[in-house]
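When the chains are written out, they are named A, B, C, D and E in that same order, and each has its own residue count from 1.
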Amino acid sequence: MLELDGLTVGYRTRDGVVPAVRGVDLTLARGEKLGVAGESGSGKSTLALALLRLLPPSATVTGRVLLDGEDVLEMGWGRLRAVRWAGASIIFQGAMHSLNPVQTIGDQITEPILRHQKVGRDAADARVRELLGQVGMLPDRARSYPHELSGGQRQRVMIAMALACEPDLVIADEPTTALDVMVQAQILTLIDDLVASRGISLLMISHDLSVLSDVCDRLAVMYAGRVVEVGPAGEVFRQARHPYGAALASAFPTVGDPASRMRPQGLPGDPPDPQALPTGCAFHPRCPVRLDHCDDVDPVLWPAGLDGAGHEAACVRVLPDDGRSLAATVAHAAPTSAVEATR
Amino acid sequence: MTELPPSDAVPHLDEVRDRGDAPRGTGGAAVALADRRGRDDDRLRRNAAYLGKRLLGAAVSLVAVIFTSFFLFRIIPGDPVRVMTHGRPVTIEQKEALAREFGLDKPMLEQFVSYLLGVLRFDFGESFQYNRPVLSMVGERLGPTLLLVGASLAVSAALGLWLGVQGAWKHGSTADRVNTGVALTLWSVPSFWLGLILIVVFASGLGWFPTSGMKTPGVTGFDMVLDVAHHMVLPLVTLVAVVYAQYLLVMRSSLLDEMGSDYLTTARAKGLRDTEVKRQHALPNALLPTTTLVFINIGFVLFGAVLVETVFSWPGLGKLFYEGLSVPDLPLVQGLFVIFSAAVILMNLVSDLIYPLIDPRVRP
Amino acid sequence: ETKDEKTLTIAVSQEVDSLSPFLAVRRITTALGRLSYDFLTNYDPKTGKTIPALAESWTTSEDGLTWTYKIRDTKWTDGQPITAEDARWTFDTMMKDEAAATANGNFVENFESVSAPDPRTLEVKLKAPQATMLALDVPILPKHKWEGVGDYSKFNNDQEFPIVGSGPWVISAYEVNQSITLTPNKDFWRGAPKFDKLVFRYIDDSDAQVEALKAGEVDFVSGLTPAQAKALESADNITVNKAKGKRFQAITLNPGAKLQDGTAFGDGNKALQDPVVREALVRTIDREAIYKTAYGGFGEANGGYIPSRYKDYHWEPEGDAVIGFDTAKAGELLEGAGWVKGSDGIRAKGGTKLSFRFNVHADNPQYVQAAEMMREWAKEAGIDLKVEPVSEVGALLDAGTYDILTTGWSVNPDPDYILGINRCSGLPAKVGGPYLSDAYYCNPEYDKLYAAQLAELDQPKRAEIVKQMQEQLYKDNVFVVWGYADQLEAFRSDTIASMQPQPDPGGNYDSQDGYWSWWSATPVGEEDEAAGDSGGSSSGLMLGGGAVALAALAAGVVFLRRRGATAADDRE
Amino acid sequence: MLSARDLHVTFPGRRGGGSARAVDGVNLDVAPGEIVALVGESGCGKTTLARTLLGLQKPTSGTVSYRGTPLSYGSKALKAYRREAQLVLQDPSGSLNPRHTVYEAVAEGLRIHGEVADERERVADALSRAGMRPPERFFLRYPHELSGGQRQRVVIAGALVLDPTLLVADEPVASLDASVRGEILALMLRLREELDLAALVVTHDLGLAWNIADRVAVMYLGRIIETGPVEKILTAPEHPYTQALLSVLPEGGEPVVLSGEPPDPSRVPGGCRFHVRCQSLASGAAEAAGVADLCRTKDLPVLDGRGTQAACHLAQARLLATSGEGGHVQHQR
Amino acid sequence: MTSAASTANASPRQLTWARRRRAVGTFWSSYRQNRAGLFGLAVLAVFVLSALLVPWIVGEEALSVTRPPGEPLQPPSGEFWLGTDRSGRSVLDLILWGSRVSLTVGFAATFISIALGSLIGILAGHFSGWMSGLLLRITDWFLVMPTLVLAVALAAVLGRSLSTIVIAIGVTSWPTTARLVRAQTLAVEARPYIERARALGGGHWHVMTRHVLPNVMPIVLAQTTLMVAGAILTESTVAFLGLGDPTTPSWGSTIQAARDTGAVSSGMWWYILPPGIAIALVALAFTLCGRAIEAVLNPRLRSR
């Protein structure tokens, strides 16, 4: 369905190129739900936008984005326009701003339908009412303007819009951030139902691991533009092999769990500056379990599954022998397949 | 400059009126259904309140203007009676008779009251110089002014908006830079000066256009339309040249402000063409400040056209005012001032009222 | 419109105030009145003497209180006959209706009654003898058209075209602020005009007027600047007319504004009451330089009060009498009178500084330019002039709140009026009251001379007295004439073959007394037909010997009227 | 130490709409050294309550008292009060003037109160206590040169520099990602230890309350509907709303997703203000307990802000049924 | 950024100064990248310099109408690069001298307008209730007042002079600034950091001077540059309508003198063109600087 192959995105700025995504390989099977988590600024949204070539002109994208075997990055404009929304649609991070403030939501949902499907205005309107109903809104709401809706409602409109052309892939970028728990729960349930009933593939981005582990089949954790851990959702959440993944997971208190009572978990240190990444493993300055040679070796994803299946992490500690033997060689030798030298 | 409309997108150009936040939704779906009727009533009431508030504000401003018009021009020294008699040797009695006729002998307050009552009946009195009702004099000249100024407004707004949109969409391009540069240069040129140069070059020099006036005397029918159009070219070009930059810059900057907006990414993600994204999504959002600007300018251009009208001997309103000032032809200047100001206030009001039609966020 | 229709287009910059002759006071509208209505009498284009018009002849009673005019048998432009009743009605209405008296009321102020005993006879009875009776510049209106008008103050005569009149031209269209179109009165008794159409086209801007002339959009432009005149002289198909000016340009120095009873008012600088200071100030004026620079050489520097165009009465200082440009001498004079320079270079005596406000007509560029020059010259002599442009000097004059003002008058062939304004009786009786004076000049010696010239019937002797008066005026340095600027006009010589100037030769076409220039204008290509009579010849024939004396008397008062109609433009 | 009595804050409705009762009768006490968490969904009035407690918003009725004295709104008195009580606003990025350096932002409070002596030392101290060490490194930085967590810490340092006795923190970590937020919460706990600071932490996140609070108050539509010690409220809540909130947490078991959104504070429903969305009423539990009518018609009294209480007819009925006495649930009028 | 070591011992005052220096430095370095802005600045510098130095470059005697250096209305020549005026003075010298008046009017009128506008704008935006209502009404009232009308009225009362024009322009143009500033003030006042300042105990004065003022400065600056151009244009317009002081050489009065002379229809391009071009050039230069400053100070424009 979706296959990312060495996706790299850099933003050109006045102070040089900001490497936002640094070589991401991911696959997503039909009907599968993949969660992407990670720290703020780790490149999640950039990744999502790159999938449909929606990045600003200042971004340079390399690598391959195969959608049903076709490389999005090489498509002609016409083909790309056809794929957009009909093949894959996006629910953007801020629903507030992702809707045109001066158009009714009905018009906005109708727009892709009229464009991608050969239906008349009336049929499109009927479809809009149906979609609104599906996301739990009154069909009458089609005549409302975005500002007349609450954040949760706008988010639902975005979902309805994303489903309008019955795409194969839905990309949801933080669909619930900034919503309170109750609304968040409503929306997650909704997405879950819709995706399940239509066999749509879902790529969901969030910084909230607990939410992702709930909704998704598989989970990817990003740090500084790289995927540092990927695997079955529950496993990544509960038994992360990468120290960053582990730290993220443990930062979520469990209500009623005496372990987290009066004991908030943090991750000391500052988020990495993408333009001045530390040498070696980008996470090593904050890593609680760093090894001496972590500032030398930059590990790539490596099978880390306890029971083998599909769990990978990019940490020297998952390597046999903590990667120590490799570290000794990389200081002098060419990069191996498993480890790249940064200098 | 002008007051620009409320929109979060243009904080720097914007006069944020006492608007507070955008009104929130009126509650959950269930509530909405139950309250359907109530909401319509509510909206009606709120519309009325909004309208009422704007009308009241405009009325207050108008009253202030009427007061001002009466007293402002009375500080200009000069004896209207003397001017009316044109320095002829007239007897004291004749002078007094004239003063009586124009009510200038009465106490100020009484004059003011009768003036006020007149204004309320749209009676601005009779011009000292022309022995004619101010209103009918205005009526005669309004047509040419509206024709010239209206046309220039339409052309400059269209031109400015179009170039502004192109510039913003391709900002930083050579075309953008050249366009903005040319517009700014013309904007910095005195209009009367430009007009004179145009006359020398295109009228008497190349002979392409008439030097001045609105039409050739005696021409009628369809020929007259062509003749007027022919006469209008140079004044129109002058007016347009010096003002279109304003529209261009406002349009450009408000569109630039919209350019980063997420809803444009949404539109692209939906598979729209670039021009469709521009025209159907970006433009309607960026149009708001410019619309207000246009409307406010409609009010202002009546004042502003005096220079071009003078240079091209266009038989419009502008000159009347400044000639009346030196007399001072009190009824005339008072009347014109009130009418001009009322136009500004009215256009402000209209833009206030039109605004919600363009931007649902401003809806009461 | 036919192709070969000949149109004469005149550029004008003044707007129409009213087309009702009862109300019209502007130059443009009084001229229109002249063109479209006949008056009882007219002026000879060559000599300016009174000649018959609507009145074929006239007589006056012994006591000079009853005037009888014989009305010409001719027609209104709508075919109705013109009768004495029309004239009676016109005067009578002006006497009875305040509004109808607005423009020309001063002519009838002294009328006892007007009657029309028969259709050809008009009889006017006066309260006291009145000299303007042969210069009643009042358009006679068609009673049958005007009777029904209710309120003359509101009636502008601009609803129905063509306007019924009796002059050589008929106003047939008027577009506010754009143009006035006149067509010839084919039946005009003196002969029809030769152009098929006369258009006054409103062009506000003087440059635009000239451009329009060059482009052939208009055929006649007046009020050219020297630079424009020079540039047009070399233009194709354009003739520039430099008429000797009938205006003088001057300044008046406030000698201390006084009422007739001698009460001083205003706040003029006291130093100007000192003749020495005035003389010194006058000596700082280089008249030649003013006319050379500000007027581009189109004018004549001359200190005489009556322009040189009127040879009979013109006087100018000669030899030692000349108070000429000499800043050094000015300094000496002041030094001798005890005015010494302060640290700022300005002379002062006893706390009074030679620092004067100099109010200049802002709308007259030549005045402004000359004022700037005068400021520099005065400075050399230790006098400080503060040039303050104003839009209107009348208010300052009324209140006496000025030191130096620019001024200028059009002078008529008979100098009586212009001499009269400087009499002591020309001072106001009360502050702001009506007065003739333009300078608060009052010199009993001058008044005596004035009375003498009035009584002198022998023209050369009278001229001698008039010259003495001018000399007196010149010596007193209150009314300081710079000279006379030429009247600069230009017309398209490919449209107009010939026109009657006034006076002839060397006269002007614009603002004539009478309708001569536009009436006589001959289109190019029709010169031969235009061998018509110019009316001047018949005048002598008509005038009886007694009438000549009366006319001379009348002429003096003519100028009172002149002022009435044109003072707004004359007085600056 | 800080107590609110029967606090109401009403915002006039905009352009003819009904007025919004953002805070609609709140009693609340914060004792010295106590951390109270105020939880509730978006728009229920948490921020408004916090602002009112600091005197930034005048209550429509009711009083706020600090150390037993009612707040007075004269500018002198407010200034004195604000010398001791500090507010940390919801949005750290917005709370810092982009044109002020870190030093200026932290020193602002000192300057306002004229405590310029050893200003530099105090600023440095506050910054390092907030975890920005060495403080000098950050003195000249502008907010945009800081990470989100650092900004939040600057805001907190600005509040701490005056050595407050009371801290009202509105969503101090809502905009931060998981790793940063734990760090800040730890700081708060430390400060409580070090300074005996009393704090009211406003949030819509129950996990946060569990992390650091002694006591929790649950707010719904302008009222506190349940309050008590964290261990009690977050493990055995009485109020259906609190139950619902807890149920949607990932480990909360079968989630009870409330339908609709919180009603508009300009249209507070009659009866129990929660009844429109109440799952216990919908499921018939209330009916079974015989309080369904009460739920729909009878408004509940304002909780007094102390002890463990729930403003719920059903909870009351249950309590009466089990113990036969009023217990913690208040009987009203 | 100054290193931690060097700032460690600095006093807050020094730190503040260091920060300001740094701010100026960064401002200039971003300004420098705006080519149009640099061009505008260079043009302005030339004009300002020549205005300041003109008494030494040209000398006052060049303005004499009685002892002019040349014949009136001569076309450009080696001696008079831009020909001579109606009195025989060099047009180039007039332009140079005129720059003093025009620039003075530009700056002085702008100062009045900006000072009044900022003050009233901030007050109207900061306070709510009757105070702001009153100020807004006053602003509206002045907004409909046309500059030229006021100039006429003032000229009648105060006499025709430079100060009259300055006052007329200043008094009629502040409402625009006031409205912009008020809008910005409202926007700034809605920011949480204002609330924070108040929560810290800061009063009106503190909020207005420490928070609002610095934040409205960019817009005031941009407005200033536009205003200067506007004021110069207005001065020439006033002169065109014959309401100015024709005896002082300014660009406006030179154009007016050229028109009075009939220069346009007499083909004396050297008389009418240069003052107009000078006005346009300065106005353009100011506008360019204004836009450059706006672009530098406005992060939105900067990021593009």
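Methods note: a contact is a pair of C-beta atoms (placed from the backbone, for glycine too) under 8 Å apart; a residue touches a chain by one contact, two chains touch by 3 or more.
Small disclaimer: the values here were computed from a predicted structure and weren't measured.
Colleague: Among the other chains, which touch chain B and chain D together?
Modeller: A, E
Colleague: Expressed in steps between touching chains, what is the minimal separation of chain A and chain E?
Modeller: 2
Colleague: Indicate, using Cα centroids, the chain positioned nearest the centre of all protein chains shown.
Modeller: Located nearest the centre of all protein C-alpha atoms is chain B.
Colleague: Determine the centre-to-centre distance between chain A and chain C, using the mean Cα coordinates as centres, and give it in whole Å.
Modeller: That pair's centroid distance is 93 Å.
Colleague: Measure off the straight-line distance from the CA centroid of chain B to the CA centroid of chain C, and report it in whole Å.
Modeller: 43
Colleague: So how far apart, in whole Å, are chain A and chain D when each is placed at the average of its C-alpha atoms?
Modeller: Their C-alpha centroids are separated by 32 Å.
Colleague: Can you list every residue of chain C that touches 2 or more other chains, as numbers and ranges?
Modeller: 207-208, 211, 214, 391
Colleague: Tell me, which residues of chain A touch at least two other chains?
Modeller: In chain A, the residues touching two or more other chains are 150, 153.
Colleague: Could you list which residues of chain B touch at least two other chains?
Modeller: Residue numbers touching two or more other chains: 23-24, 26, 29, 77-78, 196, 199-200, 204, 326.
Colleague: Can you name the residues of chain E that touch chain D in the complex?
Modeller: Answer in residue numbers: 1-2, 4, 7-8, 11-12, 15, 18-19, 22, 191-193, 195-203, 206, 210-211, 214-215.
Colleague: Under the definition above, what is the set of chain E residues touching chain C in their complex?
Modeller: 64-68, 72-73, 86-88, 159-160, 242-243, 245-247, 257, 259-268
Colleague: For chain C, which residues are in contact with chain B within the complex?
Modeller: 1, 9, 15, 17-18, 23, 25, 98, 105-106, 153-154, 156, 173, 175-179, 181, 197, 199, 201-205, 207-208, 211-212, 214-215, 217, 391-392, 394-395, 398, 433-434, 436, 560, 563-564, 567-568, 571
Colleague: Write out the stretch or stretches of chain B touching chain E in their complex.
Modeller: Checking each residue of chain B against chain E gives 1-3, 11-16, 60-61, 64-65, 68, 72-73, 75-78, 171-172, 177, 181, 184-185, 187-190, 192-194, 196-197, 199-200, 204, 256-257, 260, 303, 306-307, 321-322, 325-326, 337, 340-341, 344-345.
Colleague: Residue numbers of chain A touching chain B in their complex, please.
Modeller: These residues of chain A touch chain B: 49, 52, 54, 80-86, 89-90, 92-94, 97-104, 111-112, 115-116, 136-138, 140-141, 144-145, 147-150, 153, 161.
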